[in-house]
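Each in structure tokens, the structures are laid out below.
Both of the next two complexes hold subunit A, though its partner changes from subunit B to subunit C.
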Partner chain A sequence: MSVRPMLADDTTTWRASAREWLRSGNSLPFLLLAPSIFLMLAVIAYPMLTGFYYGFTSGSLLKFGKFVGFDNYIRLLQSTDFLHALWFSFIFAAFNVIGCFALGLGLALLLNQEVPFRGFFRVALLLPWIVPSIVSIVSWRWMMADQHALFNQIIGLFGGSPVYFLSDEHWAIAAVIAIKIWRSFPFMMLSLLAALQGIDRSLYEAAALDGASRWNQFRYVTMPQLRNISIVLCLLMTIWTVNDFDTPWLLTQGGPANATENLVLLAYRYTFGRNDVGLGSAVSFVTLAILMVLVVILLRRQRER
Partner chain B sequence: MNWFGNAPHRGRARALACLAAAALVSLSPLSAQAQEPVKLNFWDMIWGPPEYIDSAKDLVAQFNKEHPDIQVEYRSVPWNNWYQTFVTAISSGTAPDLSTGAGYQAVQLYDQGAIRPIDDVVEELKKDGELADFMPNTVDTLRYDDHYVALPWGIDIRVWFYRKDLLEQAGVKVPTTWDELRAAAKATTKDGRYGVVGSGDTGGSHFLYNALLNNGGGLFTADRKLDFKNERNVEAFEALAGMVADGSVSPASTGYNSDDRRAAFNRGQAAFTLDGPGLIAQAGEQAANIGVVPPLAGMHGDKGTIFWVNNIMVYEQTKHPEQTKTFLKWWSKNQLPLWTKGNSGQLPTRSSIAADDYFKKDAARAYVLEHYVPVGKTTATNAAGIFPALNDLEGEGAMQAFAQELWQGKPVGPIVDTAEARLKSVLKE
Partner chain C sequence: MAYPAPSSRKRWTLFWLLVVITIIVNLPIILMVMNSFQTTEQLVQRTTILPRDLTVANYRYLNERTHFWTFLWNSFTVSGVSTITSAAVAALAGYALSRFRGRLITGYSRALFVVQMFPIILALIPLFMLFRTLGLINSPLSVIILYTVVHLPFATWMARAFFDTIPRELEDAALVDGCSRFGAFVRIVLPLSGPGLAAIGIFSFLFSYNEFFVANVFLRDQDAMTLPVGITMFMQQYSTDWGSLMAAATVTVIPTFILFLGIQKWITYGAVSGGVKG
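Now for the complex of A and B:
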């Protein structure tokens, strides 16, 4: 294939048309967007592409490594740490989304009624969302750390033996999930409460006239009206849970014996603990790929409905 | 060529030329630079309570006063994300001229081309007779790749502590061997209290290092190959597992971090724990109730514990290596106030500083300096010196997970296998 060399006339024509486009009103939106686009490229696209490339190299944080192809990804798939982190991330996200949605919906339905001190409860129930994670999670640690902690004193009152919540794999997993639900439900509650208040009251009146029970009104009026926002909320919560570093790190540091180590903690450990940037980047991109697939599936289902 | 014409005018012309040259030199930027002091950036980790930072700042101010041609700027660096802090600074070209750092930081950064060897400084110290002031096994620990990569300044070490009240209540003597420790731990386990309290964080792995080094074991062969499952190491792990099996180790240990562990020990919930030399000083009202266990004799009579030689290193990015070395030598010699005023939790590496009254008055630290430091060993044991992989080995968490499983009472065999596989993966063996 032959390429025609650029002539002086071509350059002049190109410059003239560029000048014309800049003078026309069409260029204004692009010019206004340019700084934001540049910033986005600098702080999102560049680090992302660099990170993606690192996933194919063997370097450390200071030494640029050599290209190793898919070696890091192959090592990951063979690693029990990775498979466990993947499993825990799934369990963590699934239980948290279900738990905080159920709790948030229940409380939103309750606070949508005329209950005493409704305003107070609406504010008070937002506290877990507002309190900084370091404060709330460390407080939870104190309440469950050992045999003299609050929970064990309560268990002791009923004659039970102390439970070492953070020393046993199963209890630690349950504790991490429970605290994540506690931190997440206010967002669900607030969003669902707003959606509930937007439902047209006439729909309930019509349903009542047709003889629908409270349960049927909830099932056939409330839930369909909440469907779209629920999908968005569950999607957001899934992303936030998979990417959650604070809860497992501050509560258990991924222990005991890596039982509560999710993909984000694993990426951190590989990158900064083991100084293996390639492997850490590979974990991050696998996490990103999983989340992207999830987002596409959920958005497609939402569109189908 | 005669530049100045005839003789009578030559003297005046020369004088004029000299004046002009002097004026030029005095007005030139070169002269301005010579008058301006050299600025150095010194990053110091936080090695003690808040007053440590103030004492270090005062010390830097003293240096600046004594050396008007060098002005050092002090920056205190928190331990949180310390590695990222240094790596980011180095990769962005904003590394300090020199910094203090944890045990293996210098070798790791040297291996990546960021640290300037200080062989000339060590040579000068040797000539001045100052090298002999450093405690044995400190300067040479920082020799890597045939170069001295940093100068030791502080020792962190792990020591067994006991609660005097709990041992007295149980009628038990302070143990001197591992067997006696096990028996004492068992005897003091009663009424909701335990013999030993450990932790599941990095501090938990120190129990393992202490045990294996105390038993004459080591993680490496002389040629730096992992030797995790050697007879002495496994024997040491089994000794710890034995205490767990006896029910003498607090079941909360797995979930505890070092702060939790220390708090539980200070509250009297356990009779023994392993910690740094500053434990008693930080115990408040309970200080009088806490004693230092003498270095234990292992199962074969060996003595030993884990220690880290924390150091001060010079960065390749420095534009003023000579002035940096001047400060390095001064700091190393004059750092006593870091303890006397700053209450640093470290132990000094210089005998002249260790001989100060401050350490003599603190019986526990004096004891540790006299009895524990000489038997201190690094995680590199039985290899010579330290090397970069040690940082990954300690930072990756394999030993931490191993300690957690040990405190849970899992059988030693399988958890040793798991830990060995992970360590091999970290060390790329």
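Now for the complex of A and C:
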């Protein structure tokens, strides 16, 4: 409501200038972006702000709670569950990034050679990446479910005693990481292969003329050329692994005894299992804060290039 | 690195090495398909790796006794609708990113990049409470809204990359002929980017069809579940019925494979432009 009575004249000029702006070419970028900006505000920005507020309340899923200040965050710092989830998120991301980068680079180097049916292999090796998470976890679980499962039969052939992959803490952690590597190496392979194919061939010719061995060509031509893209890929993979819910949840549901529970699983369990929205939101915010540090590093990297 | 050209013997050694690697890497998928033709008893008693006495009992069970077709139908509806909405919104935004410069464009592009890295659980908690008051829990609409937004970043970048390949001169000619800027986009640019939009659509469809986490939060009723969530119900209810589980997983993966074959030549493009360029 305006304080002074609006003159008819005012509104018409306002409308007229708005109409003119809409007709002119200047408004087009804004109009084109309007639907996406609206969606992002409604589905990302608004919930994010509300969630930030929930982190300071004691609410449940059924009713809004009262403001409790930093209580939730203090409770988190004192909880061993949280510290363990923080540690597991770190281990999970670190081993997955190392594993899928090594595997991806190795396969990309193989596929960059002249091999018959190279196109076929390039597609066939992507399958673990495009298969739905539930499908891959079903078949992996079958292979390691109990003492009669495939892996244990193979271990038995070599005279070993059965391994309880999903009920032993250390083996469960190893299994979650191994399956995550299996699910994410194709992305690394694909991106590194694209980068390898973008390297100027004359660099290798020059190196060969100078008498560089195959290893030295790799060490002094390939590696430096891949350096930037590798850092970006590893940062991206770290972010995606911290955000991963499907692999640990579908394989072990975070068990045994929360051994494979990362921050996202913990936030999920607090919110939807224990009905503690405040604590769950606080955990998600810690996750966001960690990820934003990585995103800032990533953005800075990309601006440098 | 293939310099000088390798001998044919070396090429075929590499070929067989890759055959072995490909089989080992895809072993979980291959075994799953083979196991789906065995009853659970056969699976438990079997001592060889290769199956004997194939049977379609699991598939018959899936068809007659479970909600499998409901799950599949839900998956198709949710994925289909969210594909159309996100492709439409992303095409508009992608065109803006491709043809205009300015603060708004830079800011938006950066926001997209950050959203892609966002821990989705953060938005899910408040949205769950909001959707409950709106009666959207167990409604396909809840998941469709989420998928549309989650796909926006990569779909927008892919759209932008396709529009970048269409020469501006075509639009300039249309503008000279008296077409509006938006008219030029709809009449000239969009028809030329058909294949690109199709690729974006297939990517979005694949992502929605495979997605588990969001669907798991919002779809809690058997009749509303999409396939990935539905299969976890199988897993909990019949925890040792591996035969039907494998059959369900096998049918689930068929649409994925078909769509994947449709976009495999775009896939480097999509992965690199969506994830890395920013």
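Rule of thumb we're sticking to: the second predicted complex is superposed on the first by the 264 of 305 C-alpha atoms of A that agree within 3 Å, B and C clash if a C-alpha of one lies under 4 Å from a C-alpha of the other, contacts with A are read in each partner's own complex, and residues count from 1 in each chain.
FYI, a residue touches a chain if its C-beta (ideal position, glycine included) is under 8 Å from a C-beta of that chain, and two chains touch if they have at least 3 such contacts.
What you see is a predicted model; the values in this text were computed from it and never measured.
Asker: Fit or clash for subunit B plus subunit C once both are placed on subunit A?
Answerer: clash
Asker: Could you say whether A:Leu226 touches subunit B, subunit C, both of them, or neither, answering first, second, both or neither?
Answerer: neither
Asker: Look at the residues of subunit A and decide whether subunit B or subunit C touches more of them.
Answerer: Looking at subunit A, the partner in contact with more of its residues is C.
Asker: So in the superposed three-chain picture, is A:Phe272 touching just subunit B, just subunit C, both, or none of them (first/second/both/neither)?
Answerer: Touch partners of A:Phe272: subunit B and subunit C.
Asker: According to the stated criteria, A:Pro116 is in contact with first (subunit B), second (subunit C), both, or neither; which is it?
Answerer: Second partner only, subunit C.
Asker: Quick check for you: in the superposed arrangement, does A:Leu61 touch first (subunit B), second (subunit C), both or neither?
Answerer: In the superposition, A:Leu61 contacts both subunit B and subunit C.
Asker: Taking the superposition on A as described, I'd like to know which of subunit B and subunit C A:His148 touches: first, second, both or neither.
Answerer: A:His148: touches subunit B and subunit C.
Asker: Just checking: does A:Leu76 make contact with subunit B only, subunit C only, both, or neither of them? Give me first, second, both or neither.
Answerer: So A:Leu76 meets neither subunit B nor subunit C here.
Asker: If we overlay the two complexes on their shared chain A, which of subunit B and subunit C does A:Cys100 touch? Say first, second, both or neither.
Answerer: Touch partners of A:Cys100: none, neither subunit B nor subunit C.
Asker: Intersection of subunit A residues contacting subunit B with those contacting subunit C?
Answerer: In the superposed arrangement, which is not itself an observed complex, subunit A uses residues 61, 148, 272 for both subunit B and subunit C.
Asker: Can you check the complex and tell me which residues of subunit C touch subunit A?
Answerer: Against subunit A, subunit C makes touches at 1-6, 11-12, 14-15, 17-18, 21-22, 25-26, 28-29, 31-32, 35, 43-44, 47, 49, 89-90, 92-93, 95-96, 100, 102, 104-105, 108, 110-111, 113-115, 117-130, 132, 145-146, 148-149, 152, 156, 181-182, 206, 209-210, 212-213, 217, 227-228, 231-232, 235, 242, 245-246, 248-249, 252-253, 256, 260-261, 264, 267-268, 271-272, 275-276, 278.
Asker: In the complex of these two chains, what residues of subunit B are touching subunit A?
Answerer: Listed in rising order, the residues are 81, 83-84, 87, 90-91, 108-109, 112-114, 192, 200-201, 250-257, 260, 264, 269, 391-392, 395-397, 400-401, 404-405, 407-408, 422, 426.
Asker: For the complex, which residues does subunit A have touching subunit B?
Answerer: Touching subunit B: residues 60-63, 81, 141, 145-148, 162, 164-168, 172, 252-258, 269, 272-276 of subunit A.
Asker: Which bits of subunit A are touching subunit C when the two form their complex?
Answerer: Those residues of subunit A that touch subunit C are 25, 28-33, 35-37, 39-40, 43-44, 46-48, 50-51, 54, 61, 107, 109-117, 121, 123-128, 130-136, 138-140, 142-143, 148, 150, 153, 182, 187, 190-191, 193-194, 196, 201, 204-205, 208, 214, 217-218, 222, 229, 232-233, 236, 239, 242-243, 245-246, 249-250, 263-264, 267-268, 271-272, 277, 280-281, 284-285, 287-288, 291-292, 294-295, 298-299, 302.
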